[in-house]
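So, here come the structures, one by one.
Okay, so chain A shows up in both of these, paired with chain B first and chain C after.
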Partner chain A sequence: MQIDIPFIFTALTEIFKALPLTMIITLVPLMIGFLIGIGITLIRIRKVKGIYRLANFYVSFLRGTPALMHIMLIYLGLPLLIDKMAETFHWSIQSTSIPILLFVLMALSLTAGAYMSEIIRAGILAVDQGQLEAAESIGMTGFQAMRRIVFPQAIAISLPNLCNIFIGFLHTSSIAFIVSQKELTGAANIVASNNLKFLEAYIAAALIYWGLTIISEKVTALLEKRVTVYNRGGVA
Partner chain B sequence: MDITLIVDFFPKLISYLHITLLILVAAVAIGLVIGVVIALIRIYKVPGFNQLALIYISFMRGTPILIQLFLIYFGLPTLLALVHIDVSRANPLLFVAITYGLSCGASFAEIIRGAVNGVEKGQTEAAYSIGMNEKQMMVRIILPQALVMAFPNFANSVIGSLKDTSLAFTIGVMDMVGRGNTLIASSLHALEVYITLSIIYYGVVICLEKGFSLSEKKLQRFEGSLAVDTK
Partner chain C sequence: MIQLRNIQKSFGNQLVLKGIDLTVNKGEVVSILGPSGSGKTTLLRCINFLERPNEGQVIVDDFKVNSKQANKKEILTLRKKTAMVFQQYNLFKHKTVIENVMEGLIIVQKQPKETARKLAMEVIEKVGLTEKANAYPVQLSGGQQQRVGIARALALNPEVILLDEPTSALDPELVFEVLEVIKRIADEGITMIIVTHEVSFAKDVSDYIVFMDQGEVVEEGIPTVIFNNPKEERTKRFFKRINREEDNLESNLTNAI
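Then we have the complex of A and B:
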């Protein structure tokens, strides 16, 4: 078997068409996960009674099992639950009419939530206690202090971690091909088996992922310069 | 859903845990060797090799493990065919171990390099001032301290690799997930199989975390105390 280099370029253009779906599977879970993460972090930092243990278990369980398991559990389990509910409450929805993509997005959102909560927690705890005291001393409420003072700084501190989790989820999105999603890896798989040129197709997919990763690293480096402006010290 | 099936599947699946752990151990062993070599190349900025190491790390960091797995699985036989070695009948476990080893190697290299750079410069100067040569300084002074610093990241990386091994079944390895898939084919109870698998993975990760945090405490028993007791 020889490597067909021109075919790599053909495959590249073919696989590239699947980029939007990969971006959806990467970004939607990260955004929903961010909201879940904030909720979980507040529960864990304030030690809200009752649900505090549940939040801890949620984070520990989702960080302790592979993302493949989350996708499969939701993809296989949720339809059973939905059908059961539809049967008892006489709803007119059927699990088979729900696109698989929705289950993938749900599962990865839960995964993202667990990882996000750890990042946000580390960010919030890294903000100097004095900042909160200063905010309260000028009469801000707890919510104002959190939203205007602590949170922006926490996000700035977390930026490198947020970039890492973006890259991590860009790569995790490749697992969606196992439940037959036609994102980058799924598309590569189709191109590979249609032309019986496996290596070339996967080289093309690897180049796309690699390029995306390098771009997001560069963008983060630029963003980091901007958001840490307040922290540069000295006289402006 | 049938809870009793989970109890039934548990022993069947856990009997394949050793394959999963074998992949992990092989990957970590290969990864450590590659990691140390690459880290040294990066630290001493060996001309030529340094650029290669940078590309290697960037590629491993920049592509999903699933794609790397496919690249090795389809690419390595092609590459070896050029030197007339036939691996087309080799056990897929071999390809998995190589892929995860290469992947671990890249992350270990960065962890080790970061830790070595994190050792205070005064340590090097002190080692030289008492007449150690470069190798003694590295082996006796820098590396022991760097390893302690690197340990938490190393532990995280190993746990990450364990979770990554769940994808090995895609190239036909009979690990826990692979066995799970044959169970699904014969019993048609996919959800129960995946619940059981999740429980096993969670258990293994918790054990690893406990083990690592114990060893971390042991490793760091000299940290934070003063060299000279001033009492």
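Then we have the complex of A and C:
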């Protein structure tokens, strides 16, 4: 078997068209997961009665199982539930009319929420307690102190981890091809089987992922410089 | 006027404050002295409910807070009437000097930004940091950071400023500049309660001295009486030890030279 190097470039341009879907499958779950993560973190840090254990279970289970399982469980399980509900309550929706992409986004949002909550929690715990007390001592409410003092610093501290989770989810988004999403990996699959050039197509896809990863590392480095201005600057 | 009535506080089953009473008149500076672990910090933190007392009342002006019934709103109101200067400064690290000082004015007192900025600049000038107004805390020396801490408290124009060992985290050569600032605002008639180990400073700046040991007020009174004629055995021993430590320090220095 011979490797067809020019075809890698043909494949590259073809596969690259699937980039928007990969971005959607990466970014939407991360954004929703960020909000879930904040909620879960607050519940866990404040030890809110009743739901505190549930939050712990959520984080433990989702971090303890592969994202592929989350997609499968939601993709296979949720339609059953929806159809059952529709039957009992006489709704007019049918699970088959819901785009599969929506299930993927839901599943990965839940995955992201669990990872985000760990990152945000570590960030919040890294901000020294003294600043929170200082904020309270001048009469800020707990919420104000959180939003104005603790949270901005927690995010700055978490930036490297947030970058890592972005890269992680960029790569994880590739498993969506299992439920026939035409994102980068799905597109590579199609290009490969249409032309019977598998290795070339996957090399092309790998190059795209790698390029995206390098770009996001660079962007993070820039962001870090901006966000942590207050931590640098000469005399300590 | 600040009044503490029968403040009691325990951690677990250790009773750390055994019923403290204290009255501080407007414009007075009260220093709290006492050996390590005697409950000075805890007392100060009970005044603004950073620690909730198990028992007792805090009264600022005519606003009274009962430790047992106090709800969130009352505690917030109490905290708006007080301000605190911390041993470790506790500046907001992601904010510049002026932003640190403006934060409470804007977020808590809801002052318009421009008014807040003007007020903040005035206070920053008072602590001698006009040139550093746009610096971040990491860019400042410990002494400068503590002066920002004082400015942040002062800007809020509270009924009382609580200072917990404001100079004990500082290098010796930086202590003076901070004490000087405290002295200056004391002379302006700001009410202060200071926990300190700087005996000669306390002598100099205070209208009233409280000596604590093991969660109790052992002795209190005007500085000349407490320092020159302490009645209680524990007070005498404490001053004797402090004097000896200072002597040792001096003789060590002399030997070193």
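Heads up, the rule we're going with is that the second predicted complex is superposed on the first by the 232 of 236 C-alpha atoms of A that agree within 3 Å, B and C clash if a C-alpha of one lies under 4 Å from a C-alpha of the other, contacts with A are read in each partner's own complex, and residues count from 1 in each chain.
We adopt the following convention: a contact is a pair of C-beta atoms (placed from the backbone, for glycine too) under 8 Å apart; a residue touches a chain by one contact, two chains touch by 3 or more.
Computed from a predicted model, the values in this text were never measured in an experiment.
In the overlay built on the shared chain, the residue A:134 is in contact with chain C alone; chain B does not reach it. In the overlay built on the shared chain, the residue A:77 is in contact with chain B alone; chain C does not reach it.
Of the two partners, chain B and chain C, it is B that touches more residues of chain A. Touch criterion not met for A:41: it reaches neither chain B nor chain C. When the shared chain is aligned, chain B comes close enough to touch A:174, but chain C does not. Of the two partner chains placed around the shared chain by superposition, chain C is the only one that A:156 touches, whereas chain B remains out of contact. With both structures placed on the common chain, the touch criterion links A:111 to neither chain B nor chain C. Applying the stated touch rule to the two superposed structures, the chain B and chain C interfaces on chain A have no residue in common.
Interface of chain A with chain C (complex): residues 128, 130-131, 133-141, 144, 148-149, 152-153, 156, 229-236. Considering their complex, residues 48, 50, 72, 76, 79-80, 82-84, 86, 88, 90-96, 103-104, 107-108, 135-141, 152-153, 156 of chain C touch chain A. On chain A, the positions that touch chain B within their shared complex are 1-3, 60-61, 63-69, 72-73, 76-77, 80, 167, 170-175, 177-178, 185, 188, 198-199, 202-203, 205-206, 209-214. On the chain B side of its complex with chain A, the touching residues are 1, 58-59, 61-68, 70-71, 74-75, 77-78, 81, 163-164, 166-167, 170, 177, 190-191, 194-195, 197-198, 201-202, 205-206, 209.
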